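To keep things simple, chains are lettered A, B, C, D, E and F as they appear, and every chain counts its residues starting from 1.
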Amino acid sequence: MPAGPRQLSGEAVAAPVAAAVPDAILRATDEWVEVRPERIADVLRFLHDDADLDARQLSNLCAVDRHDRFEVVYHLQSLDRNHQIVVKAIVGEHDEPSLPSATAVYKGALLQEREVYDLMGVRFEGHPDLRRMFLWEGYPGFPLRKDFLQIPEHHPGLPKFPFEESGVQAR
Amino acid sequence: MSVELAHYLTVGAMIFGVGIAIALAKRNAIAVLMGVELMLNGVNLTFLAFSRFGGAFDAADAPLAGHVFVVFVLTVAAAEAAVALAMAVLIYRRRETVDLDRINLMRW
Amino acid sequence: MDSAGIIVAFWLLSAIAVGSAVGVFLARNLIHAVVLLVLSFVATAGLFVTLSADFIAAAQVLIYAGAIPVLMVFAVMLTPLAGRDNGNSLYVVPGVLLGGAFAVIVAIVAIDAEWGAAGAATLAGQSFETTADAIGDALLGRYVLAFEVASVLLLAALIGAIVLVREDEPA
Amino acid sequence: MTAATEPYVLNIGPQHPSTHGVFRLRVVMDGERIQDVEMVVGYLHRSMEKLAEERTYTQNIPFTDRADYLAAMSGNLGYCLAVERLAGVEVPERASYLRVIFAELQRIASHSMANGTFVNDAGAWQTPLMYMFRERERILDLFEMTCGARLTTNYMRIGGVAFDPPEEFYPAIESLVDELPERIEEYAELLVDNEILLARGRGVGIISAEDAINGSLVGPMLRGSGVPWDLRKAEPYCGYDRFDFEIPVGRQGDAYDRFLVRLEEVRQSTKIIRQALDGLPSGPHKTQIPLALRPDPGEAYARVEGPRGELGFYVVSDGGSAPFRFHIRAPSLINLSLLREMAIGASLPDAIVALGSVDIVVGEIDR
Amino acid sequence: MSALRMGRRLPRRTVPRALMALGALVAIGFVAVNVAIGYVVIDGRLDGQWYDVRDLGIGVQELREWLDDRNAQQPGILDFLGQHWISYAVTALLGATGILSIVGGALLILIWVERRLIGRMQIRRGPNRVGPYGLLQPIADAVKLIQKEVLMPRGADKVLFFLPPALIFIPMIVAWGPIPWGAQMAYLDVHVGILFLIAVSSLTTLAIFMAGWSSNNHYALLGAMRTIAMMISYEIPLSIALLSVVLLSGSMQLSTIVEWQSTHNVWLAALLPLAMFTYFFSSTAELNRTPNDIAEAESEIVAGFHTEYSGMKFGLFYAVELGNALFVAALTATLFLGGWSLFGLEEWIPGYLILGAKISAAYFLLVWLRGTLPRFRLDQLMKFAWQFLIPLSLLNLLIVAVEASVFARWEVKGIVSLGLFAIVNWAAAIILVREWARRMGYRPEREAVRQPILTQGVGGLQAARRLGAPEMGTQV
Amino acid sequence: MLLGQVPEAVVWAIYFAPVASTLLITAGLIARRLFGFAFHDAWAGRLTILAIFISFLAALWALDSSIGADGEALGFEPHLWLNLFDLHIEMGVRIDGLSAIMAVVVTSVSLLVQIYSVGYMHGDSGYARYFAFMSLFTAAMLGLVLASSLLQLFVHWELVGLASYLLIGFWFHRPSAAAAAKKAFIVTRFGDFAFLLAVLLIFGKTGTFDIHEINELALAGALSSSVLVGFTLGLLSGAIGKSAQFPLHIWLPDAMEGPTPVSALIHAATMVVAGVYLIARMFPSFEAAPAEVLDLVAYVGGFTALLAAVLGLVQTDIKRVLAYSTISQIGYMVLALGVLGYVAAIFHLFTHAFFKALLFLGSGSVNHATHTFDMRRMGGLRSYMPITYVTFVIGALSLSGVFPLAGFWSKDEILLDAWKYDKLLFVIGVIVAFMTALYMFRAIFMTFWGEYRGGEEPEAGHDDFSTHPHESPPSMAFPLMILAVPAVLAGLFALGSDFTHLIEGSLPAELRHGKPSIEGIVVAASLVAALAGIGVAAAVYLYRNPASEAVAARLGPLPGIVERKYYLDFLAETVVVRWILNAGLQRIADLFDRYVVDAIVNGIGTATRLAGDGLRRAEAGYVQAYTSLFFIGIVIAVVVVALLGTDVVSR
């Protein structure tokens, strides 16, 4: 499987992570490391702070619906050392998936996690403002899920116009 | 038919009277200020009427004294408006109201 | 015998001035009251013109119609809870009575009194002259002390207003 | 206003003159000062990522045009790179050069637009925008000449590019590249030394380098904050390492720096195009690939330095002829992560200028 | 906030037919009066002796004689009317229609001129479809605006929402009164002309506030508050700048000021550069034009105070905006560029043509500014007014006051003293502006390093620090 | 009469040149502080010197004119300065022999002091400020001298006080300097207050401030003697304060805390002689007053001279010696005025200015070399500092009145006048002359002879100047040499009658005495006293060279008393201030205030409060309630007027 030109292999990442965050690593391939979902925030924190791994930027965050589970993929980037790290957290629960939020480590996760929640329905616990983004509150279902169209009420044709609730608080 | 001094004085008095009514009857400090300005205006009209009918242009020793007084009244009015409105804003900020019925700082 | 133009102008302007002043009293909305007030002031300025006071009329428009209402409007906008409301206070009855009594009595006195030469004079009897020069001479000559005092007053008012509404210093 | 006033909510957009499309900001204001801001997007959401799962790999290329419709070429390129990486397709040399040329032309066009609208947001009444459009127009002419479309080019293909440019293309691009430096100097004269623009842009929307990295900012936003990060250097694709160019980096991280960085990038792009034209090899412009490409199961994440920064495509294959999962890492959206940081506490005009300096494309935000 | 959704439709036919007929009659009368004026002028009955419009002369005199005759023959109702006021009324009517027609016509042309000019500046063509060179475009626009439905937002203050377009139109027209179009050719040549103009133009503020407040729209209110803040700030330097003109020429009457420039063969622009700059800049603020158009900054608050206006109400605002700009150009030409005089050439060329040319030049400057410059921020503008323009114009006023008293006392004939003043004032202007700007912290050389840093290597935070960019978030 | 009549503008220039330099330096300093204007310190010195040089030249011209006019007033009309209702206050300059001489003295001494200061103050952080103050002081002094009206004189009198306060406290970071400045200011205030009373008294009686008019009125007998007594006593009090006469002399020795050039300028030639000048200026009034006033003047002067001379004998600080010497010599002048020796007093003032300035500057020079003013640490300096030594000795000789130096002639004239007037005063004068020579040469022998005793102990790390005293820089030595010339020659004026004419020209004709003769016995007495003083000093301090303690032991309790300044400072500070004022008067006032005034006030307050308690029920605090009442009152008033007609109003 072709990897990015400057991607660290999963094994190379797994060793220091396992040392720092015990029982976090589930699997390591030469492309990515798979992390226990509950520990994902700790792992990211470690990767961010570690001087060698230096994953200062959350380059990309997305989720893949594997029919029975969700893979949440984190592409991390070290700018100074110019390498990329791919971390995956596989959430086994398919109806109400949730895992800790990365927003405490990366501000860049704010919108990306909202997007994943909006379209995939993966809850990120600890996200300060986890609301629908492209779709409105009350939209039935999460359209990027593979089973979206199998549920009858998810068929296109909007039942109601968006009801706007402001999440903005006046200070 | 002609317009005489008394006409102007009457108009001035009416404006002044309305000013009194507003100044006394309004709850809002800014409205009260409007009343005061109206009163000043009535006085101005009276001044100018006297100046005009009293031969302002002929008076050798003090030409246009009435006009000069009106200038001063205008000045005072501007100053008063600035300070009074500043006070209104301040009172609002401190007490959340400019309702004169609720402002009784001068009590006792 | 004045020219008809002056007579018409006088009655018209007087009606507007007094009428809109009454309107200030009656208006329920404070912003409307300000607008009516300006109308009254402008009409008064017109009356000034009939009294050959061109300079004063212009100054009246400038100050009373241009500056003071703007201040009032600002004050109204800065005190939102006061609600643009032009309600009456407890003193509405004495206020109206007193105002009416005052106007009536002074009007009676004005009409009844012997004004001598001034009472006999008419507007037609005198020519319309330019007043700005004479007012300037008077202000900087005979009334120079008062002029200076007035300027000090303005300065004091300026400073006072600024000091009053200044933000409290952050600790 | 300094007095105790009540905060009120102001809606900017979705059809506001300075929101660059159907983008909406709900702003809580105290007088002219912004207390809180929330972006409301989705008006242009077309569910591209879902649709892509039903189409073949090649059929998906037009979606990438319509995501960032101001930089269609870059979108094409990123997606093609991702699929090529997934399927292991080799690209001919000439195709790489052509890709570079068109990607850089697209960058110039997009940056011209960005700078023009930025200055427009700062209040210059359309004149600079019109000037910038002049160059963009010529570039779009070149696109039309080559692939028949101006905006949604659909030009790149998996394994190369769709067409070889026609003969009249070469003199046209030569003259454009020759003239561009003068034009850029013209803008610089009009805008860079403009005191008003300086007053409006300096110190507005400042983002520190730490925040920029942590907030996943990319492209001119990141570089404007002083971080010298450019994928063309860091992870050279399409043979960018063959070309000599430099990365412009801002000094303060404010809106004005981003403007300057974009202006300088136009200069650098001109340099790259010139080099690419000089070294353009002959040969095929495309590798033949099967019509229904079926890559082995797996995943690939490829990214290019688009005009708005890192434009990434994450493609997962389950061995079928359509991607199992297709995700666009949209710089326009992610660059807004720090919108609140930039806007809260600023005055409304400053926020507008800061937003203008982000250079968003709503098609890419919503997808 | 879309007016379409929020708005309330008015009845389809808002104007009764009778009113429309009356309007048509007025319009016809309007045209007739203009034709009459033209006839009198072209006919040469005035014999080159054009006086104050108030004494429009022969035509009016004939009218009065006729009235007197009637009065003598059959006394009656005309007894009451038979005074000289009727000539005033007639001439006032004539002058007002004259101004309206001139300004109105000019506005129609201006719309085309401005759009055309801006188009040229923006490498566009500008309007070129309706009529030759797009000349009929403004008329088409006007027709479109008149036909458009007038919407009123829900929750708007009905009375106050309807008044401002008319209220704001009045000062714009009245302000044109004192402008002299030639020797003794002013409609309302008041003695306190400049004060009159300042007073009249200050009325605009309230109308704008009414428009903004009554719209029940945050953009409109924001725009109105901005306008008011800016207008009351910029009225001060503007007035002070005009005062220096008054001081030097010794009169507030516009015609006298022009005559002063004519007799001394000098433009006040040469004598009072700083005053002219202050006036012009402050006027752009008062006019809400670039670079000071924050009141209707379209990229921030859509259209400011007239966001919610549509149809001809918007058209009136638009017309007033242009008319005021034209008026500022006219006042600049009158006060600073010699008005209708042109160093003796006014003997051969009609004064109003000279003035027109000067107005055009000044107006072009406004258009040019609009086509070129970005916009300031409100606080920057306020700072500029209070910290820069007002102190400078006060200092300038001081200098001019000294010069004026010198000039009044030792009247040196000819160019000597005025030349000296010009030199002193230019020097003072340059030095004051330079030094004050530096006092305000303006350091052009500080901004010398503006270009971004160029680098070959990539990196993150460490690289950023290595590149030596200043600490982020600090002002250089 | 070399140059012709001096124009009035030039006379004003004498005054305005230093004023201008003050303003310029101040403006420069402000500009430097606020705007970063490049105002170099050196410019302050140059400006001051230039301004005073201009003044000096103008003063010379004025003097020249004055000589040509035989000392009569040159007759410049005063200018109307303030015109309030019936009050017309005029300002003018008066140039006659007296003021011309004074102007020349002030400007010349000041000029030299400024030049000297350039070197002396070099490197001081307050360099420019110093020169601003100096300019101010000189301007004030010149204004005082040239004033034609008493008000003008008083204003500048106070300005001089202010400037001296600033200068004495120039090193205000030193507590002693600050205290000295305060002391000088407050002590002279007592006299100034009496002076002000006198000015107001005379203005109330005559309605004019013009000095000349007042003098003429006094001579013409237009003023009652009680008024004159009050007036002259007030003036005398002012003079006593400013000229440091007994009992207000206590501020002057402390005032030596200021920079030495300041001492030279203020305490030798200018400020302290202002009192003498004042009495001389108003001399006709004094003459017109009852004779007891002049007797009082004479005895105050004589007593001060004697007292200060004795004090000068026990000082170890060289500047204090000179300070007491100054008090003593000014006492001499006052004595001279009291014995009708108008010319002699001014003559002595004239000569004294030069040699005392010379001595002060010399002491400054010594200090520059040794960094101390303590004579016990000096000694043997004569070989190190020849110029200073020679000039200092010349000054001392002149001060002691040794023939033919300047001091001899002026002192001789005073003694002669005293001889003619009152023999007791003559004896006092001779004793003082003896004492003068004694303490001056004691100082010289202690300072310049014998072995060098080390100066100030060098501080660690400092360059060790003190072990190698050296001659002062030229800018300091040059004024010394210049001043030495008049210190020698100024007395020769006495040989002709021009000087007398010149000075007496300012007096009305009936008061002029003409040139005094020389009485052999007087000359002999003064010479013998001086030489005896020198001899005793030489005998005691040169050959025996005792320690101070030994001398003190020999003399019993006397030195103790003297060293404590006859307990006068104690008297002033403790008895008067602390006991009488604080404990006595203030206590009484306090009790009165507390039990009488407060009781009344509190009573009124209580009554008001009780009344208010009753009335407040009527007031709810609503503005409109009050306003309503207000308008009800107006309406009632209008109704009354309207109904009753105008009679009510007019009646």
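The definition used in the following text is that contacts are C-beta pairs under 8 Å (C-beta built on N, C-alpha and C of every residue); 3 or more make two chains touch, one makes a residue touch a chain.
Since we're looking at a predicted model, the values are computed, not measured.
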- Return the chains common to the contact lists of chain A and chain D. E
- Neighbour overlap between chain A and chain E returns D
- Message: Farthest chain from chain E, going by the mean of C-alpha atoms per chain?
- Response: F
- Item | Among all chain pairs, the one with the most C-beta contacts | B-C
- Task: Starting from the Cα centroid of chain A, hunt down the chain whose centroid lies farthest away.
- Result: F
- Query: Which chain is the middle one, judged by CA centres?
  - Reply: E
- How many Å are there between the centre of chain B and the centre of chain D, using C-alpha atoms for each centre? 64
- Centre distance in Å when chain D and chain E are each reduced to the mean of their C-alpha atoms: 43
- Message: Please tell me the distance, in whole Å, between the geometric centres of chain E and chain F computed from their C-alpha atoms.
- Response: 69
- chain B-chain E separation of Cα centroids, rounded to whole Å: 33
- Note the residues in chain C that touch 2 or more other chains, in rising order. 6, 34, 55, 59-60, 67, 74, 77-79, 89-91, 94-95, 98, 101-102, 106, 165
- Note on the structure: Among chain E residues, those touching two or more other chains are 225, 458-461, 463
- Task: Two or more other chains in contact with one residue: find those residues in chain A.
- Result: 56-57, 79, 82
- Would you tell me which residues of chain C are touching chain F in their complex? 89-91, 94-95, 98, 101-102, 105-106, 108-109, 112
- Would you pull the chain F residues touching chain C in the complex into a rising list? 622, 624-625, 628, 631-632, 634-635, 638-639, 641-642
- List of chain C residues in touch with chain E within their complex: 3-6, 29, 31-32, 34-35, 38, 42, 54-55, 58-62, 65-67, 69-70, 73-74, 77, 130, 132
- Going by the contact rule at the top, pick out the chain F residues touching chain B in the complex. 616, 619-624, 626-628, 631
- Note on the structure: Contacts from chain B onto chain F in the complex sit at residues 20, 23-25, 32, 100-101, 103-108
